[in-house]
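Paired with chain B in one complex and with chain C in the other, chain A is shared by the two complexes that follow.
Entry: the complex of A and B
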């Protein structure tokens, strides 16, 4: 069978790439190792009748412009407002952080008028920054070393957009970007719970604590990209992408794991499936893990030595575990009786607690007081569980891929117990309502989704693994040194989270005939 | 004899420099060289600031604070003819790292010997080591123009600034993408991650990574520390890179040489003359008031104190725009290191390598593993001194016998981490100082059994002591953390990185300005250059 393009992986990025390429008239097949599409966005029935809407949580990152280019709304994508996030506290109501500025200010003002004002100022600054940052996240990363006037213009454009911010805003941006998020927030806020709660999302999936320099950059990138949520969560996004791809004529094959990428005459010739079946195509877009793609799917020696070396250096250490709970009744917080909350952040109440949770993985230990990013998807979609039941999905940080002593049954039980004990302190009685619990530690995530290290973003978010350095300098602009091989997963710019942009930009690169000199 | 001038009287001095630290002295010397009349005022009884040698125990001369040099800019040494004034540096060309299991790694100036020493740990790393040194030196050369000039400001739209950025950009881009990638990685990675791209064995990575954390409140795994590593590769003695040295007579001799050169150029230096405040009238600095009440007028006042002390202390927030004061307050000082100086009645031996040898005359580093260093950092993050700290040790008396009586020795131990802000408050250092000293000598005793018995005198300097004695706010040895957000055009405050301040005729010349700390002298010299170029004096 001969195709124009073979896309590896039917996660959000593979589907986005397929939709774009098929829409441009290419004959496309998407190959998915698993029996279902969606990858980390796929709904997961972890207990009969109980489904969790994917492993990824941060679904507010879907760029409306990307959705528009793929025509996703025509294929069933609907938006909804992002829900408020509760920063939970023991023995108190916590802080319910609404997206709407007035509501957030009113809530915070009860604790600290100064902090409410500071939050308003910070959000106003973000609003000025966001358009320029969003543009950076919607385009291929600029080349570090411009090779001609075109490149120079592409490099200058975002720089000029940033300059238009005005000198004060730009200076502040340059000052805070290399800072650690704890310093950045402590400069502005006095409420410890707020600082911890605001800092936490910057660290999702990173090998970094709030005192790690540069974490403010992750925070800014996430905050500037944050927008509306998708109705039905990540699985609904994947479904819309699949419909868009199929409507454009792309073929999607599940249960079709790829064993290797075939190379003939120094360029891509197709792939060989695990079953032994061979498919021909001059172009392969790999949206699966870049490290595996470059080091395993491509035979050693095909890529230049330097690129192989770069690929080996890619850091993809998983640092978070996923917990799915089926409850036989609603999750209720002691501090918020009777309230239905969709997003809850549970830490120790101080940014140092978050840092302590991170400290553990430096010594290959799992945190004994993990930070919990809690989602209760049944609040928005009760159909995910039988009547009266609740599904709770938790991203627990930090848990290392390589645990000293290994992830034995005892180690898993210990980590799950630490997480549930923390949850119990905020929601007394919750443990007695657990019908089923599933824990996926980084090695499980690696086995299930093929991401090296169980890293949720394929490539660890780190300052030296962003933009023109993501996933590595030699493959940062989707094309690789192997003619016909493109990368387009979360490991490529603009990176992970529920955000199909890398796949779309990789497809653009294919259509533009990009090559790597 | 009072040198005061009556208020409003015609200034006797063109410039009065507050503080006779090495930067204040360098600045004064350059101004005098240009024919200006300069007075330097020093609070203590001796010149040098943190660049001093003091006889703490009879017959033993301690380089109490700074203990090695190499960053002192060669052009300053030439311009001020420092060798003529007694400046001499004895090279310190080995690094010795003992490990708790009895092994050790000794790297020295002989590439072949070093290669063999590393090969015992990893043959692969031994091959890469030299290449790495060359690459770092080249990167250092690329960054050097930044250190020897004022900081470029990427937010400015002035044609001269844009041209400067473009020149810098062209210089970098001309090197090709590989270099740019290297530079970007250098600016963003942690020292350990950066080194791990080159080396595989931790026994090499750990002791190399510590150059990235000296004087910072960061761990070796903290992003941004790879850059500080580079800072330490920029050191040069007689044009040879990565060479550190001990000044003959202790680091105080460096300050004395600069002071002597300054005096020869006509600078007046007064010690025991603490400045109480900088006189600000109508938004401009007109002079200083000493603690004894004397007033000294000058056309410009140049502060060699750190930014906090200068603006919040000597000037006073009431003379500043609230926004500027806020920015000064958030300029992070946070001292993280201490110093322990020992007078020894003999030379102790390392258990892993007994006897005398080259390993004792160089730099001795207690940094046995990355985990050890991270644990040391974790203690400090939560407000304790490291129970098992990172130590950087020199025994100057082996190289320079003038600093101790015959047969006896001084040992200088730089210790990290010792956070200024203890959990129990900074003032608790008064009570924790000796426990901290015990942690240091106790750690060392494990490697040098018998050391503690040989101690005749122990001087322990916590960050709180560094603040009290040497006037370093929060005990920060660099007048402010050397973290990326506090460097270059952001040091100490955005828009005020070029030695000028919002207070007219008040200038800054010390480590709190670009290019920062270490015995570099560049801030002082660049400040003088800026003053003269602006015809401010």
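Entry: the complex of A and C
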């Protein structure tokens, strides 16, 4: 069978690439190793009748412009306001951090009027910053070695956008971007719980603690991109993408794992499936893990030695575990009796507790007091569980890919117990209501989703693995050194989290570089 | 501080000139006497014995050993038969030469490679994911080059082996003074010659056995000065002198493709991927910019030049590596990188890189030559290399 483009992976990025390419008239097939589409965004029935909406929590990152370009709203995508996040505290009501400024200020003002004012100022600064940052996250990264005026212009444009910030804002951006997020937030806030709670999302999936240099950059990127949530969560996004792709004529094949990318005459000729079936296409867009793509799907020796070296150096260590709980009653916090909360952040109450949770993985240990990013999807969508039941999805940080002694049954039980013990302190009695619990440590995530190291963002978010360095300098602009092979997964700019932009930008690169055969 | 080679105890006792240099971190003899003449003539008339232990040596083993080397170098090593040695070069991703050396196939899955520069990390980088192990045997193995017309007789007496069957660029196992050694018919002098490879513990015994067998054949220990003259006569490239290793230089103009170094004959594009293949293939779409050539300086012109100063012709006593401009008319068209007086040919020989359009045999160019602190030029003609190519080199 001959196609114009073969897309590897039917996750959000693969489907976005397919929708764009098929929409441009290309004959496209999407090959998915798993038996269902969606990848990390796929709903997961971890217990009969109980479904978790994927394993990614950062779902406010979907760029409305991307959804618009792919016509996702025509294919069922609907938006909703981002829910407030509770920064839970033991023996207290915690801080309910709303998106709306007035609500947030009122809540925080009860504890610290100064912090409430500081949060207002910080959010105002972010609002001024956001257009330039969003622009960076919507375009391909600039070429590191510009060739010609066009490249120079593309390189200069984001810089000009930042320049428009004005001297004070720009200076502040340059000052804080390399800082650690703990210093950055401690400068502004006195409330320890708030600092820890604000810092935590910047570290999701990274190999970094709040005292690691440069973490403010991750924080800024996440905060500036944060927007509305998708109704129905990541699975609804994947479904809309799949419908858009299929409506445009793309074929989606599940249960079709790819064994290798075929190369003839120095360029892509197609793929061979694990079943032995061969498919022909002059272009392959790989949205699966870039490290595996470059080092395993492409035979050694095909790519330049330098690119292989870069690919080997890509750091893809998983740092978090996913816990799915089925409860036979609602999750209720002692500090918030009777309230239905969708997003809860549970740490130790101080940013240093977050750092201690990170410390463990440096020494190949799992945190004994993991930080818990809790989602209760049944609050918004009760249909995910039988009547009266609750689904709880927790991202527990930090848990290493390589645990000293290995992820034995005992080690898993120990980690799950430490996470649940922490949850129990905030929600007394919750453990007795657990009907089923699933723990996915990084090796499980690797096995299930094919992401090297069980890294949720394919490539660790790190200063040297962002923008024009993501996933590696030699393949950062979607095209690779192998003619016809493009990368377009979360491991490419601006990937990571629920954000199908890389797939779309990879498709743009394919279309820019090739005329219709 | 250079360290002693496995033969140091012997070479030190013989080196009455105290002239040593650093070769790959080892103390190596430049010449045993104050002049290298006797050592040079041993290479050409009897036999010279040269310590080549400082060569970088690697053992590559495993089912994918041939695949690894084929991926690294421009030749298809898979085609190399057991017991044969191949002269090879290897390139970076952009098709620029990194180094040159030899690969000997010792067995189906077993190879020995020599290199001028440290190459371990390069072998590892190329070999990742392949079922092959790489050992740096540079320190473990001692090596002697026995080069010259009497080398076969000497080695035959020392080993009792029938060397008539060992053709040019072949390698075999042999016993020497009770020791297991490898003997290859290879060398850097362009003459009949052999190289003997032995575990370093056996180094002195091998030296002594060869010296004893060589006594009645006029064997002389020889140093690097004599070798340098011989290798220019043989037209052999020297890394760091005639060309530069691509990863070690910044300027693109200092990098060379195999074609530009005259090594294009060994490039095999019709096979699986190897490092630099795409770039070399693209490069071949247009003619190479540079050519590596031999030049022979006109003795009449040189004599006339000196005559104009009232002087007899004078040339350096040793091979020289100071680069000299090469001209065609008023335009510089290249650079001479190695030059020497050839005592056996009685000619002034030059290895040079010139614009490809000036590389045809018989083209008359000009070489800068300084007389009495004045930069002058002498005519030099492009000639075929090797300048010196005795029939005995390849004779069965």
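The rule is short, and it goes like this: the second predicted complex is superposed on the first by the 513 of 517 C-alpha atoms of A that agree within 3 Å, B and C clash if a C-alpha of one lies under 4 Å from a C-alpha of the other, contacts with A are read in each partner's own complex, and residues count from 1 in each chain.
Simple rule for what comes next: contacts are C-beta pairs under 8 Å (C-beta built on N, C-alpha and C of every residue); 3 or more make two chains touch, one makes a residue touch a chain.
Every value quoted in this text rests on a predicted model; they were computed, and no experiment measured them.
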item: Which superposed partner A:84 touches (first chain B, second chain C, both, neither); value: neither
item: Partner chain(s) touched by A:158 [first = chain B, second = chain C, both, neither]; value: neither
item: Touched partner set for A:308, first chain B, second chain C, both or neither; value: second
item: Which of chain B and chain C A:183 touches, first, second, both or neither; value: first
item: Superposition-derived comparison: chain B or chain C, residues of chain A touched; value: B
item: First, second, both or neither for A:463, with chain B first and chain C second; value: first
item: A:266 touches, of chain B and chain C: first, second, both or neither?; value: second
item: First, second, both or neither for A:295, with chain B first and chain C second; value: second
item: Which superposed partner A:109 touches (first chain B, second chain C, both, neither); value: neither
item: Doubly contacted chain A residues - partners chain C and chain B; value: none
item: Chain A-touching residues of chain C, taken from the complex the two chains share; value: 71, 92-93, 125-126, 128-130, 272-275, 277-278, 281
item: Chain B partner contacts - residues on chain A that touch it in the complex; value: 143-146, 163, 167, 170-172, 174-179, 183, 187, 208, 211-214, 313, 315, 352, 355-356, 359, 362-363, 462-464, 468-469, 473
item: In the complex, chain B residues that touch chain A; value: 154-157, 173, 176-178, 180-181, 184-185, 188-189, 193, 197, 218, 221-225, 330, 332, 371, 374-375, 378, 381-382, 483-485, 490, 494-495
item: Residues on chain A engaged by chain C in the complex (per definition of touch); value: 266, 295, 299-302, 304-309, 312
